[in-house]
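In the two complexes below, chain A is the common chain; its partner is chain B in one and chain C in the other.
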Partner chain A sequence: MGRYLVRRLNLFIATTIALITVLFITTGHFPVERPYALSGIAAPTSTQLQNITDNYQLNGNQLQQFIAYAQTRLGGDLGLSVTSQRPVIEELTQALPASFELAIVAGLIAVLLGVPLGVLASLSKNKVTQHSIMAITLTGYSIPVFWLGLTLSLWFGVELGWLPVSGRINLLYEIPPVTGFMLIDTLLWDSVYRVSAFKDAVFHIILPSITLAVLPFTVVVRITRSAMLTIMEQPYIKAAEARGLHTGTIVLRHALPNALIPVLKNMGLMLGTFASYAMIVEVIFSRQGVGSWLVSGIYQRDYTVIQGGVLGVAMIIIFFSILIEVLHTAYNPLSRKEIYAAN
Partner chain B sequence: MKLLLKRIKLITGISAINLLLTACGPQQVPTGLVYCSEGNPETFNPQLVTSGTTIDATSQQLYDSLVDYDPRTGDIVPALATSWQTSDDGLSYRFKLRPGVQFHQTDWFTPTRKFNADDVIFSFNRIINSANPYHDISKTGYPFFQSIGFKQQVDSIEKVSDDEVVFHLSQTDASFLANLATGFSVILSKEYADSLLIQGKPEQLDRMPIGTGPFKLVNYVKNEFIRYHRNDNFWRTLPEFEQLVFNITPQSSARLTKLITGDCSVSALPKAGELPVIKLHPNLELDTQLGFNVAFWAFNTQKKPFDDVRVRQALAYAVDKQNILRAVYQETAIKATGMLPPQSWAYHYNKSSYQYNPEESRALLADAGVKDLSIDIWAMPVARIYNPNALKTAELIQADLANIGVKVNIVTFDWSVFNQKLNNNDYDSVLIGWNADNSDPDNFFSPIMSCASLDSSSNRSQWCNAEMDNILAQAKATTSEPARKILYQQAEALFNEHVPMMTFAHATQLTFKSKNVKQTQLTPFGGISFENAKTIAPEGDL
Partner chain C sequence: MPLLDIRNLTIELDTPQGRVKALERVSLMINPGELHGLVGESGSGRTLLARAILGVPGHNWTITADRMMWDGQNLMDMSAKQRRNLMGSEIAVIFQDPMGSLDPAITVGSQLIEAMPQDKKTSFWRRNKARKAVAQKWLHKVGIKNTEEVMSSYAWELSAGECQKVMIAMAIANQPRLLIADEPTDSMELSTQAQIFRLLSKLNQLHSVSILLISHELDTLSGWCDQLTVLYCGQVMESGPTAEVLEQPFHPYTKALLDNMPDYSGGLAHKSMMQTLPGSSPALQHLPIGCRLGPRCPQAQKRCVSKPSLCHQKDRYFACHFPYNSEPCNDDTPS
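Here is the complex of A and B:
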């Protein structure tokens, strides 16, 4: 296992280096002065310019420049945002919790609804139930997220007026940011409006999280179902049935844990798509978050924000993919056989 | 197996009921007003910019000026100055200052003294005196003041006593008081500025503002919101709301959605195409205010072939203005026949302005010897009061010019980038406009087409004409209104002859708002005030 972890760590480092190389090369092609693209300072004074030149080794050769670039970026210095003149890392860390909040809620919805439905679909002997569940998931899988988001907000927000369609909370609630997670911060808020504020935050997250949950939900249902179908045919399940165990016990204790292993693996594979969907959802529902921050940075030609945002988001995705893979291996003894063989 | 299925159904049922239960129940919301604004302010000090978005977020909410406009009559009324006298030669203005006015108390500053003459002197010295330590803190300069030649106009500002100041002018200027009443001439706290200087962070003055206005800034999150609290020491009637929030929403359709779903109660700059939507929602209404503005298509007169007046005239003849009014403004605007809007006292209907005439246009182009002309039109990416949709306007012009054989390439960037690139002055022509800062007719000329304004980035046609400068200087030095009217009509005629830009519309200022919000005040010079806003109890349940 130790050797395996080292290999995964190497993978993480290698991917990060590749990522930084790509960023380094594209930064060189931004249609602005290099010190400006790197630091975000539009009209640097001579001392500032000297600092930038030193930091990024601008007088050195390409390799030195690359090493200096990698060092600064990995050291957490992402430059100043061109438009706001605040450190990019500060804006990034401020935007991250909101995105995590949305992703976690959407992920929970997907798993908590998807797994039971997948199990249900696999156990049901009724063709109509089976087919309708499959039809629904296939539809959900093929609906473009931007269309779904707009339709939901048009219907539930504008037509029916049931749910808010933008932002994270009614702005009149002045929630002091503690964790950055609105659902938690409202509960920590010391005010008579605490409960109302919490409800308001919940209302605000319903539509975006449902929109975002649709894709992982359908994947979870389909994978759970097919895994359950295979597992329920396994001899050990037959043996358990023969011993007269209760169906509930068989499903929950013996079949489901094994069926969840491919679900976990697929969630890792889905992470990239999920993150890009999250960005679209953030923009559609004008929620604060990394996605909307990065998109507005792109619109405003905020070169430092683009670099910092891409670096941050990509590293988070790489990290979580590898983490899920490690968990998958730790949890699934079978895949350990592969450890010393491939990859 | 059946049992399991049953259980699952039961569990889903229970959780669904739970969800419904928590969803019901009354919502308590703190009192306050949310305004959906169109963009991020560049700074919190209106002295440094001319952008309407910044003025909206600062002038009326955070600051006061020495004098104010009455939004209904356009007269100049007392504000931080209680009274004023002009000397007989018109060269000095003596202001008596209001006693007992408090500056904002915020997390970052606690005032120890009341507003006095030092604050007035500091606020204007910062602009006119390059030795002032704050003068160079502004990277953008003082565009409004530069465009009106304020520095040349004001000789010195003298403190008579703590509550009296005198402005000594070097030349008479009929628009002086009007300029002091604009949203740019705000009064800052000298005490705050001094303490920042000691702490070594003077640039904070423009980012974390201290003023005397009805609201004080609490925090600002870029692309998200600006939050203000009521200034409880405000010297006029206290605003009804404890909180004012600007919900920053660049997309016009998103602003409308937020208004419909109740995320905001007032929403800025609706597109003309959205007006019919308001009729479907009985709790919403439209606020209108005839605007002191003009939308124009400015030609870069420093660049070939636009330095030839015949080319400019040809282009002005080629555009069907009526079509633009119909398609872009949905008939909410008035057709422009010159620079001045009809509400201005110096306005005179100008029959000879360029009527749609492609024949004339072709003849003029042939006369100028220009063939196969291909031009760039820069179109603003955002809605402004004077032009809600510059891209569409550009497309209409493109179609019209295709008729006379001129090719058009439409160029656009994001707003801040657009502004920056525009200041490099290498465009062919740009669709932009002007929103007046005060009711004085001079404001439509000096900042846009005087030679002095060449440096201030508001002279979009890069046009400098000695005769025009002469007329404008005369008009400024004259105090009699009828005499000035004649001079401004001369200026209009000269402008019409040279067409450095083609004006096409005076737009009506529009905002959407919820019916239970009353008395938000649109000012004809742009900007919105929430000082007197009231809510009335909504009918029925929320």
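Here is the complex of A and C:
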């Protein structure tokens, strides 16, 4: 297992180096002065310029420049934002929790609803139920997320007026940021309006999280269903039936743990799509997350924000896909067998 | 009263080529405390018969039978739930593929504990511990010494023999009255095979468990079983006490099986042909009408295109128009 973890760590490092290389090369092609693209200072004084030249080794050759670039970026210095003139790393860490909040809620909705529905679809003998579940998931899978977001906010936000369509919380509430997660911060808020603020935060997250959850939900349903269909025909399920166990026990104890293994694997594969969808959803519902921050950075030609945002988001995605793979290996006894065989 | 009495069981499979009678009018009778051997080539429907007895049919099966009695109760009338309860307590089964029959994602021990009988008398906080102790006791009985180690490992970490022993422990822990062993020693080395057969016959003698032993090796079965049923292509050819069947086979197929048994005395010349019946057993889509042995049978005549009914002679049964050493019964009805 130790060797396996080292191999995964190597993969993480290698991918990060490749990512930084791509960023370094594209930064060279930005249509502005190099010191400006790297630091975000539009009109540097001579001492600042000297500093930038030293930090990024701008007088050295390309390799030296690359190494200096990698060192500064990995050291946490992402430069100043061109528009706000605040450090990019600060803005990034402020925006991240909001995106995580949305992603976690959407992921929970997708898994908690998707797995039971997938099991139901696989066990149902009724053709109508099966086909309708499959038709609904196929529809959900093929709906473009921007259209869905706009339609949902039009129906539930504007025409019915049930739910708010933008922001993370009503402007009435001034919530001091503690964790950055609005749902937790409202509960930690020391005020008589705590509960109503929490309710408001929940209302604000319903529409965006449902919009974002549709795609992973449909994928989870379909994969759970197909995995369950194959597993229910396996000899060990027949053997468990022949031992006289109840169907419920068989499904929960023997079939579902085996069926969740491919689901977990596919979640890792879906992470990239999920992240880009999250950005779109954030823009549609104007939530202050990494997505809307990065998109507005792109609109404003904020070169340091683009670099920093892409680096941060990509590294998070790489980290989580590797984490899911490691979890998949740790959880799945069958893949441990492969590791033993490989060593 | 026989423990299991099946009369004219037919299983039809829905295939893309149409409906196929995979088992045609099979009769089987097992008395309490009997070791019954069921011999047949692969594809002759032995596993189908075992699954039909258990009540775990496939999705494209149609089962019809004149009679399927379990200890005086009609199995055909029972609901799925009753069948399931019966399976857990009175009928147990060991499948062909022991490794595939164990869940790969959880440890052998937890599956074993799950299969142990619930003792309602122990208080619930001690129940798990008690069941674990029972599980270890049964593992000891089937001849596994390092119980802790086996229980904490996964199915793929054990050898096929160990898996099979675990399956046997699971099957006998509920003290069933009938144990169906479907090729229990498939793909195992000879010493393990002998161990498992010894274990089964010990069970039969000490606990008077009836066992239906399914295999393709006539010579192994003949050493262990009291009764023998010979199946060919989903039809019963002959059935009766092992000694008598071996001594004087009535059916041409049984005789062919016995004649073609390889002898290891060294009489066979180097690279000489092994003796077999001409031809090969037909595929499910191209079954001959009447007696399915017909095209390969040395005794076949015109009448064999109608299926012979099962003749009863003392405690032996056979289905043939032209049996050896005996008169055919005259109640032949074309089917």
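Basically, the second predicted complex is superposed on the first by the 335 of 343 C-alpha atoms of A that agree within 3 Å, B and C clash if a C-alpha of one lies under 4 Å from a C-alpha of the other, contacts with A are read in each partner's own complex, and residues count from 1 in each chain.
Basically, a contact is a pair of C-beta atoms (placed from the backbone, for glycine too) under 8 Å apart; a residue touches a chain by one contact, two chains touch by 3 or more.
Predicted model only: the values in this text are computed from it and were never measured.
Chain B and chain C, once both complexes are superposed via chain A, fit side by side. Of the two partner chains placed by superposition, only chain C is touched by A:Gln234; chain B is not.
Put simply, the three-chain overlay gives an angle of 160° at chain A, taking C-alpha centres for chain B and chain C and rounding to the nearest 10.
After overlaying the two complexes on the shared chain, residue contacts for A:Ser286 are found with chain B alone; chain C is out of touch. Comparing chain C and chain B on the residues of chain A they touch gives the larger count to B. By the touch criterion stated above, A:Pro333 is placed in contact with chain C alone, chain B being left untouched. Once chain A of one complex is fitted onto chain A of the other, the partner contacts of A:Ser196 are limited to chain B, with no touch recorded for chain C. In the superposed pair of complexes, A:Leu123 makes contact with chain B only, with no contact to chain C. When the two complexes are laid on top of each other via chain A, the two nearest Cα atoms from chain B and chain C are 10 angstrom apart. Shared contact residues on chain A (touching chain B in one structure, chain C in the other): none found.
The touching residues of chain C, when paired with chain A in their complex, are 51, 54, 56, 84-89, 92-93, 95, 97, 100-106, 114-115, 154, 156-157, 167, 170-171, 174. On chain B, the positions that touch chain A within their shared complex are 1, 3-5, 7-8, 12, 22-23, 25, 27-32, 34, 40, 139, 218, 221-225, 227, 243, 245, 247, 249, 254, 257-258, 260-263, 413-414, 416-417. Here chain A touches chain C in the complex through residues 234-236, 238-246, 249, 253-254, 257-258, 261, 332-334, 337, going by the rule given at the top.
Chain A meets chain B in the complex at residues 43, 83-84, 91, 116, 120, 123-124, 153, 157-158, 161, 163-167, 170-174, 192-193, 196, 199-200, 202-203, 247-248, 251, 286, 288, 292-293, 296, 299-301.
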